[in-house]
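Structure in structure tokens, see below.
Letters are used for the chains, namely A, B, C and D, taken in the order the chains are written, and counting of residues starts over at 1 for each.
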Amino acid sequence: MTTMVQAIRMALHVGEERHGVTDIFGEDVGAPLGGVFTQTQGLRTAWNSPLDERGIVGAAIGLALAGSRPVAEIQFCDYAFNTIDLLKLAGAMHWSSNGDWNCPMVVMTPVGAGIHGSIYHSHSFDAQATRLAGWKIVMPSNPRDAYGLLLSAIIDPNPVLFMAPKALLRQKANNDSEEVPGVPSDERELSKMIDAPLGDRTKWKPRWPDTPDLLIPIGKARMDRAGNDVTVVTYGRHVHVCRKAAEELATEGIDVELIDMRSLHPYDWDAISSSIKKTHRVVFVNEDTDITNFGEHLLRRTIDELFYELHAPPKVLAGKHLPGVGLADNLEKGSVPQLDDITNAIRTSARHEP
Amino acid sequence: MTTMVQAIRMALHVGEERHGVTDIFGEDVGAPLGGVFTQTQGLRTAWNSPLDERGIVGAAIGLALAGSRPVAEIQFCDYAFNTIDLLKLAGAMHWSSNGDWNCPMVVMTPVGAGIHGSIYHSHSFDAQATRLAGWKIVMPSNPRDAYGLLLSAIIDPNPVLFMAPKALLRQKANNDSEEVPGVPSDERELSKMIDAPLGDRTKWKPRWPDTPDLLIPIGKARMDRAGNDVTVVTYGRHVHVCRKAAEELATEGIDVELIDMRSLHPYDWDAISSSIKKTHRVVFVNEDTDITNFGEHLLRRTIDELFYELHAPPKVLAGKHLPGVGLADNLEKGSVPQLDDITNAIRTSARHEP
Amino acid sequence: MRSRYNGVPRMTTIISKVRNGAEESLKPELLLQMHDLMRKARVLEERLIRMQKQGDGYFWIGGPGEEAFSVPLGLLTHKGEGPQYDYLHLHYRASGTMLALGADPVDALRQMKSTASDPYSGGRNFASHYSVRKWNVVPVSSPIEVQYAMAPGTALAQRRHGGTGITIVTGGDAGTAEGDFATCLIWSARKGSELPMLIIVTNNQYGISTPYDGQHGEKRIADRGAAFGIRTLTIDGNDPETSYRAIKQAMDYVRKERKPFLLEAMVSRLYGHSSSSGANYIEGEADGLKLFEDKLIARKLLTKERADELNAKYTEELLEASKRVRDEAPPAPEDIWKHVFAEQSVVGGSSGNKGAR
Amino acid sequence: MRSRYNGVPRMTTIISKVRNGAEESLKPELLLQMHDLMRKARVLEERLIRMQKQGDGYFWIGGPGEEAFSVPLGLLTHKGEGPQYDYLHLHYRASGTMLALGADPVDALRQMKSTASDPYSGGRNFASHYSVRKWNVVPVSSPIEVQYAMAPGTALAQRRHGGTGITIVTGGDAGTAEGDFATCLIWSARKGSELPMLIIVTNNQYGISTPYDGQHGEKRIADRGAAFGIRTLTIDGNDPETSYRAIKQAMDYVRKERKPFLLEAMVSRLYGHSSSSGANYIEGEADGLKLFEDKLIARKLLTKERADELNAKYTEELLEASKRVRDEAPPAPEDIWKHVFAEQSVVGGSSGNKGAR
């Protein structure tokens, strides 16, 4: 089974070969390392930038304006907070020029906690991202979605932020529905083809499997699990935690419908609202800090449009409003939603008597 | 009557003289201009920094750590989006050092639309500010509050962001309750004392009125208008728009309770929730863009804690989710909540039958 | 000198000569063309100022005092769409450059009046915030210095593309304190990956009210290029002949060597910072247009009468245009929603971006 | 040389000599003290690496290979609280400096183990992220280069305070590409407002996997100071005698002249970037500790046996300590809420901050 980093690499390769990607760049993105998570190994157009996130975002904008197709990486989203003005500018380029210019660039960055990354490798960027008008924002929860969303990001004429949940980067597809189409069924075979060897890499060249143009539409959610009792809306690594919660709760007779948003903006309100109209109960889960959180927007829209559909108060589960996620295991666990928190929240919602 | 810029100036003067303020700095903050809104004219410790917002925030942090008391200005909040990492660091200083250091600094910056400021002089910073864990966030709606909140910001041992609604900066106190205590009752007299003359200012020295240590507590809201039918929660310049709406609606028999939050973080949940428990209806108003908006947080908390108190769906009125506020009058009006929008929202809430 | 902010001593400057030895003289037609454009640009700015003062606009900022530099810059730019032509990352004092490129001054009035017909921003942005894709003029944005962070991107595309197209970026002196200026130097000078960029600083010795002195440790801003092996030059940007030759020399180098050049032009700020600081003519600043006009008259290339006629002609034309513009429709409230997302990609010109849809 | 990332040619460096003419020799006691601390620092880092590999910590980053520079830096620092003493804005390779200041190495083990007793962050931050207010050691934070934006602030306070206290800021070579490095140069060199700062770059010629060559147009990073009139020097930071003299010379200048000095030290990265890149000893990098030890033995100031004993002693001590630390309590989940807000101000020492409550 393919890992998410392999999926990203293959999507970038297809981007280079078939969709005009000209530059894949950022800190340690080029040879010899090919990304701190190996996500850019072996790519023809990958190169190492100076250690300068503002320069990276700025150069991506310039490249896009000049008709190149850049995919820029911010090594960790924790290091993007000094570039928000530039991200805003990219998002404003089409609008502020009244449609004269467009800015087709992709920024990819690993996000979230779950790997004991301490204060500066655990940040989420969801709230920030969803505030960037003019951007499309995606976050995959499995290798197949990573592949298909990244390709859609590449061909989109607008700036797209591709956020990769860092705790999932090295995880393999759980089953065929999470697998990248066209890869060899033997994962060792795939690894031999596209994973750079340890040691000297100067002579190494990847052999790319023939993977198709899978374009997962931006703005469409994925129904991860159909159910009748409570709608759970999440994305990224919490899809897996919520799935586990749903499985646990199934044994208690609580039937969870789980929506993987895939796109945070534009988001699939149709999918969310039709589910809520069915279950009449909803829990929104994400791990970003919980004051002025994107889940709060979704909850507000639920109240705006579905108030009288609700049989229980809608709920947001999010990270704690703190300066960061602490390193010690207890601190990390105390800071971001854990399986138990989620199970409890869903159970409370399911049992709530209107 | 005093204007808000005069109030700010007097608070800074009191800060310099009695509360240890050592540095008031930023772009054009020092002589001869004394701030693009005249807010720092005549101050002993005011100086012009390089045109470098990251340097300004960085220097403020360093000054604070060294036991100085800096008040740093970002000329417009529109130019603070490249400093969010540094603001986050300031907010994390106490927490990440496990209480070893603290970082007593004030950043002040004008925010919001309403002056035809076009894309880059109309931004709000509310959502960004409320996401800065470790910071206290205040926004006055009148000269007295500006004076008292700024003094509280100065003596606070934590970083405090003082956001001044730019459309109110030159407005005078509407009545005595909005007046800075201790100023001469003749506003021309005050102007002669503390407003720099046009032309040569090299020999000018202000004469400061003897104003007291009015400390408006951070974290406490102000009841602007008591009422029984609908609670309206806002801050900054929309206090005035909402007050107008309340007056209009009073003629229709709708009795609005208007809360001026004054502090966005920590915020006065007691004030908000007791009002909602009384009126059972609430509208949150602000002008920041409306996806992942601070009002959505307040609404979410309302749902969390007061769901069964509500006789109407709680409502958020905010700015449109766009890359900026356009310059043309129609565009600005179409982008941020106007009097009519607010009146309509309150009316709808009041008339809603549960 | 007198300025709006009295009591502020100004830096004394010694301007280097253009160092290309032979100071070949420019053709009379070119001199007259420059003079014509400089006058046109000045009249345009004065019209914009007047419109703002009369309530036909909310805010004015622009480039009177920079014409002697901005006009030759526009004339020397290779105009067109896509990486084979020059990219322009301009700041908000570039009307002279735009007119030299061939912009219709009436469009600038439209932007001042915030009409729906404003081709640069549809009534969304302030005056002097140009955007012309067909000429590679990247949208001017208000935040200072961000253009220096973006410019290396177009230059990267041009480095790959080959040819003679270069990236030109301009900004003020005070703004060089932002880290983005350093970013520009660093990204343009990477060994083995140098970028074809003409990096320009127009030094009027002020940032709003703050004088150059006291903020800078550098004697010349251009000196900052030296550590990176970037060629540098500081010139009197108030003299269009000096400007023309210096820009040409710098561009020739960049076009051919595909390496960066840092050019600092000392210029004036003839109407102060913006309408916020009054926008009145500042006596005592060198007026490049006046000096040039006098020189041309002394050299018998121009007469006082011809010069006055020209002034009158443009003044009349733009006054009339401003009246017409007054009647053009403003954008509608719902226009805020236009162009949030692009439906298809249009950047790169016909040659670029073949791979993507 | 061999490194984790093969095939990457390293920059050839010619190191300038310390230019203070008389290369006065340092006292034997000082040399032995430096050696002792360098060994202690090395053993500490090796213990931290081992702990991480054994699962007694999540991540390692640190300074083995920089001891010959970081130890003299700590020894020469005027240690204390408040602006009359030196402020240290360190990066994450500063264990040698901390030990030279007198830090207990066991505290570093606590931070590695993320115990509640970790005095630097209470188990919140990664190893080598020090914070000691009583010694003016500002919290080390992971984002590269932000310390260069903050350091001018403490220096501003010291400029006003007078005396001999200075601000010291350190960081790596790759990080100088961030705008914050330029900010530091600009703010420290403003004419008439120069700041007492020792600005240090420890140049190991790598940023994670990315070699210096290809990213820098500067021959020397220190050259960037020249445009601002900042005194600069590039030294062999692998030689503690050179380091000591150079740091002393630079500090003397900064303390006295109250002006900035930019010092670049060429150093090694002996265990690679961090645990993420394997944290194995890299053959072929100059090992300042080994070279110095050999030199001291050759000069008969030390014997091989004494050196080995020292190594064994520290190794034993820290192994024992690491076992004890293993039993110390972790923070509790609810500890996340501690210290979000300060109740009262504690910064500035007894002399500072009198006006405020």
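Descriptive notes on the structure:
We take it that contacts are C-beta pairs under 8 Å (C-beta built on N, C-alpha and C of every residue); 3 or more make two chains touch, one makes a residue touch a chain.
Given the structure is predicted, the values throughout are model-derived calculations rather than measurements.
Averaging C-alpha coordinates per chain and comparing to subunit B, the farthest chain turns out to be D. For the interfaces B-D and B-C, the C-beta contact count is higher for B-D. For the pair subunit C and subunit D, the distance between C-alpha centroids works out to 45 Å. Here the spacing of subunit B and subunit D, counted between their Cα centres, is 41 Å. Centre-to-centre separation of subunit A and subunit B, using mean CA positions: 34 Å.
For subunit A, the set of residues that touch two or more other chains comprises 50, 52, 54-55, 79, 85-86, 92, 95-96, 119, 133-134, 322-324.
The set of subunit D residues touching two or more other chains comprises 121-122, 124-125, 141, 143, 177-180, 183, 186, 190, 214-215, 340. The touching residues of subunit B, counted against subunit A in their complex, run 54, 79, 81-86, 88, 91-92, 95-96, 119, 127-128, 130-131, 133-134, 265, 289-297, 299-300, 303-304, 307, 313-316, 321-324. Subunit A contributes residues 18-23, 50, 52, 54-55, 57-70, 85-86, 89, 92-104, 133-134, 136, 154-155, 157-158 to its touches with subunit C in the complex. Put simply, subunit D touches subunit C in their complex at residues 177-183, 185-186, 188-194, 213-219, 223-224, 226-230. Across the interface of their complex, subunit A is touched by residues 82-83, 87, 118-122, 124-125, 131-133, 138-139, 141, 143, 146, 148-158, 160, 167, 179-180, 183, 186-187, 190, 338-349, 351-357 of subunit C.
Remark: subunit D residues 5-8, 58-59, 114-116, 121-126, 141-145, 174-175, 177-179, 207-210, 214-215, 276, 330-337, 340 touch subunit A in the complex.
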